[in-house]
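You will see subunit A twice below: alongside subunit B first, and alongside subunit C after that.
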Partner chain A sequence: MAENIVTIRSEIGALVWKIAAPAGTALAEDDTIIILESMKMEIPIMAPHAGTVVEILVTEGQQVEEGQAVATFRP
Partner chain B sequence: MDVTVLIANRGEIAARIARTCARMAIPSVAVYSDADATALHVTAADSAQRIGSAHPRESYLCIPAIIAAAERSGARYVHPGYGFLSENADFAEACAAAGLTFIGPSPAAIRAMGGKAAARLLAEASGVPCLPGDAGADQSEEALLAAATRIGFPVMVKAVGGGGGRGMRRVADAAAFPAALAAARREAAIFGDDRMLIEKLVESARHIEVQILADSHGNVLHLHERDCTLQRRHQKLVEECPAPGMDAALRAELGRRACALARAVGYVGAGTVEFIAEAPLRAESIWFMEMNTRLQVEHPVTEMVTGLDLVEWQLRIARGEALPFTQADIRLDGHAVEARLCAEDPARQFLPSPGHLTALSLPAEAPGLRVDSGVRVGDIVTAYYDSMLAKIIVHAPTRALALQRLADALDSCRTGGVRLNAGFLAAALRSDEMREARMDTGFLESARKRLVESALKEPA
Partner chain C sequence: MTWQPELDELRLREAHAKMLGGADKIARQHAGGRLTVRERIDGLADAGTFHEIGAIAGKAEYDAAGNLTSLTPSNCVMGRAQIDGRPVMLLGDDFTVRGGSADATIREKPIMAERMAYEFRLPLIRIIEGSGGGGSVKTIETTGRANLPGGVGGGALYHYTGANLSMVPVVGLGLGSVAGLGAARLAATHYSIMTKNTSAMFVAGPPVVKRLGEDLTKQELGGWEIQTKAGAVDHAVDSEEEAFACARRFLSYLPSSVYGTPPVTPCDDDPNRRDEKLFKAIPRDRRRVYQMRPIIDTIVDKGSFFEMGRMFGRSVITGFARFNGMPVALMASDPFFYGGSWTADACAKVIRFVDLAETFHMPVIYLQDCPGFMVGLEAEKAATIRLGVRAMAAVNQTTVPWCTMIIRNAFGVAGVVHQPAGRLSLRYAWLSARWGSLPLEGGIEAGYAADLAAADDRDAKLAEIEDRLNLLRSPFRTAETFWVEEIIDPRDTRRLLCDFAQLAQPLLTPTPSAVKMRP
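Let's look at the complex of A and B:
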């Protein structure tokens, strides 16, 4: 159901380094969806609950701003 | 030296190298990416060459672009700074092939120290004690568990290809081993290599390193140690010389080990041999970790207590000069401490804080107070590069005075547009743990909340 889909946002300005879990991947809580890179630090964006990645909104190498939506997720 | 030096780096270190070149009347050439066209390090050099777009892969890590910039500018020497290509043997070779002198050791020495396992074998062969461990030749769970049992719990399980804490787990006992191994392997597998090695876990660890200087005539000296125990995410934030608790006999022993290793690889130039120590400092509980075949970020604390300019000696060694002093001539005056000012937020787990630097106030340099900065007001601090913006280094007659003066200097630092760790580091310098030299490598992370709170209370 669409209303159950949550938007995952970047907490910081960064580059998208790796898409660890493409759309359709089933994940456990705290599994990595996307790995960002900012100032030589890798910052994983993790699944807030167990669920499925619905859509990845960014591509590897792209710059993202603080607060930008990077994925949607269905718990 | 009347030939030009190309500085293959950016930020504070590129500006700092240009400063020594200017003092020695050596022309310097900066390189810059599109993100750095107006950066401080570009104006610090005599001329500058564009080398590519903002991403480091397309500029500061792009060997052909840097070699081409050197050829266009007529430079004959290349100083790699730290990070980027400074420990890249292919780059050192490409410089030689283009008729450029790479300011650093030979490609063979860089390679010998580049691989963890190979460096360890070399150290053992040179009589330098290494942390008890197992390289993981047999990757079965049974073999790794047997190795861990032989080394003795607690142990660290580490990804062979890891770095920055990735694929790393502490394991308290044999019962916890299978789950920890599996978790570390899952984490490492994302990066394509799930091989693991086992090391003894040092519970209360200090990071001690020895600066060495070697010329091309076979002279190898050490310039004492540095204590770089205050870290977050395995990256140093505060460094000092001398190390608290280090006596002359132990200093001589660590210096002997570092020089033995340098000789074993025919090392030329400035380098650093890193050790892990179990507090309190004793020769039998200090083990070799790795050698960094380049200038270190924290080299200024060594410069303050020895009175030597390490970049000057890198340049002189590169042009074939012999070191004109002996070990007994190396001074150790007073105490120096450095703090790394980073665009990051200690209150949010040290998350990076890129942004538009709308305000910047750093203390003015004075006797005993040095500021190595790479930024100016108006700069865009991007996610592409390291979060370290500047370093503040204090030199005083005693450790207590140096810690106090550095904390005071940090209090006066202000930025707008990016968050800075200055207040947090001042609180760390004023902590009982630091003043009484009871810190370990986990201190900044374990005391983070308390230090963040006490930084907020500090009068502005």
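Let's look at the complex of A and C:
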């Protein structure tokens, strides 16, 4: 089923503030996977559909670039 | 005696022209998922309104007796048509004739189309597929010389490519591979659209960049994801039909030229409508973000928001909307991107957008939540401050009426750029609004360095100062000193913006702007 796994990317350069949904978490659409911090604001990266977090590719406190893969997700 | 033989010849030549590059080439165009230029014109224009100019210009062949045997039309199809009952100019590349290349163009045809748009003040839609420009390198052999771009007296097309932007609305549709001058003509527009799977745009295509060591497909080099994110193209769609619909909709907000004002349409949405959701749209926790687009959707006339350039400079949302039927240029912050701070790209987006509003006499509404310019090393390297002061100058150079709603943050120099600095505009602050020269975080460390250094418990001192300052930061204290003129219940937003749109109408002056628009 690997072909169904989607890569979630950060749309901004930011600090990873919190992993809200570790690998294995089942989420509804728009539930938060990871919370970034940018300009002192908490910016959520949300589930594009209902599904399950397969893998988290970053750690809290890590700096991510715009476009960087941060998680994989199975709808 | 009638002129029947001549009429027959005219119809024969027209029939040849309608066959474009021939059945094989048309089949190839369709197999690639793309329409022909004539199908595109039919898709764009009101039914039956296309009036073609120069249809029978092309390369003819004759038999020994001097009778016409074939006519390959020029690969530029152009003429007048109507869109939603208003006259426009359409100018399309025919990819079935020499791949849309300038090799098969009659130079004066696209120039006349551009000039007619300019002189008759008609919105211009460029349907672009191919390269245009000086043609392929084959022209070195066919003309016996290399092409100096523009050459002697060859500047007209380049002149109008830019000049039309200060005269009439210009829309570009990239509907296939678009390179060289074709790319320039697509980018030099007020609004450009490309199709996702069937088009790509680049200065030079894969064979050329491969010689430089980059081995890329068309999509990898200049597909929609590259070009919309870069801001070189405004919008990408799944089908050509969607592209036509976007072009028509874009034009519906604009006057036909700078000599008109934006057309007001009937509206059945109550200007006094209040949406309770607005009262809790902004989180009380200042670190939390919220979605700006649902706020926009609920304050404008239902369904009237038309966003442009969504993928570029994403901390700022730009688009057209209507308030009680009156078109406005609407700009809003998106806190999901860098908290709504102005990046260099966002500044570039603001500049082009306010120039567009100024050019076509559109009142501007700005829903502001801007914590300042983007900060940090990357932001400095991107010359954010240079682009930032250009954006400030662009806003200050506008003469169209302005109204700003401060939704949440207004900080620093970017925070200032919420209204033209040299003249009066309307401004309202939501109950959730906050402002300052600097944010407290980091600002206290800078402003109270001596106090903090002298404190036994630095953290406690920091917290104490922060509490003290927070007590004074209430927007009501600012209003008390008339440093902001109005704080409003956010549920009144639509009523106040409809009121602004009405106030703006008599101020819209249908004369060319002193600021000449650049792409």
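Note that the second predicted complex is superposed on the first by the 75 of 75 C-alpha atoms of A that agree within 3 Å, B and C clash if a C-alpha of one lies under 4 Å from a C-alpha of the other, contacts with A are read in each partner's own complex, and residues count from 1 in each chain.
The criterion applied here is as follows: a residue touches a chain if its C-beta (ideal position, glycine included) is under 8 Å from a C-beta of that chain, and two chains touch if they have at least 3 such contacts.
Note that the structure is a prediction, hence the values are computed from the model and not measured.
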First, second, both or neither for A:39, with subunit B first and subunit C second: both
Partner chain in contact with A:13 - subunit B first, subunit C second, else both or neither: both
Touched partner set for A:48, first subunit B, second subunit C, both or neither: neither
Broader residue contact with subunit A after superposition on the shared chain, subunit B or subunit C: B
Partner chain(s) touched by A:63 [first = subunit B, second = subunit C, both, neither]: first
Contacts on subunit A seen with subunit B and repeated with subunit C across the two complexes: 11-14, 38-43
Touching residues on subunit A, where the partner in the complex is subunit B: 11-15, 18, 20, 32, 35, 37-43, 61, 63
Of all residues in subunit A, those that touch subunit C in their complex: 11-14, 38-44
Interface residues, subunit C side, partner subunit A - complex: 287-289, 314, 335-341, 371-372, 374-375, 378, 439, 441
Complex contacts: residues of subunit B adjacent to subunit A: 55, 164, 166, 190, 233, 343-344, 348, 351-355, 383-387
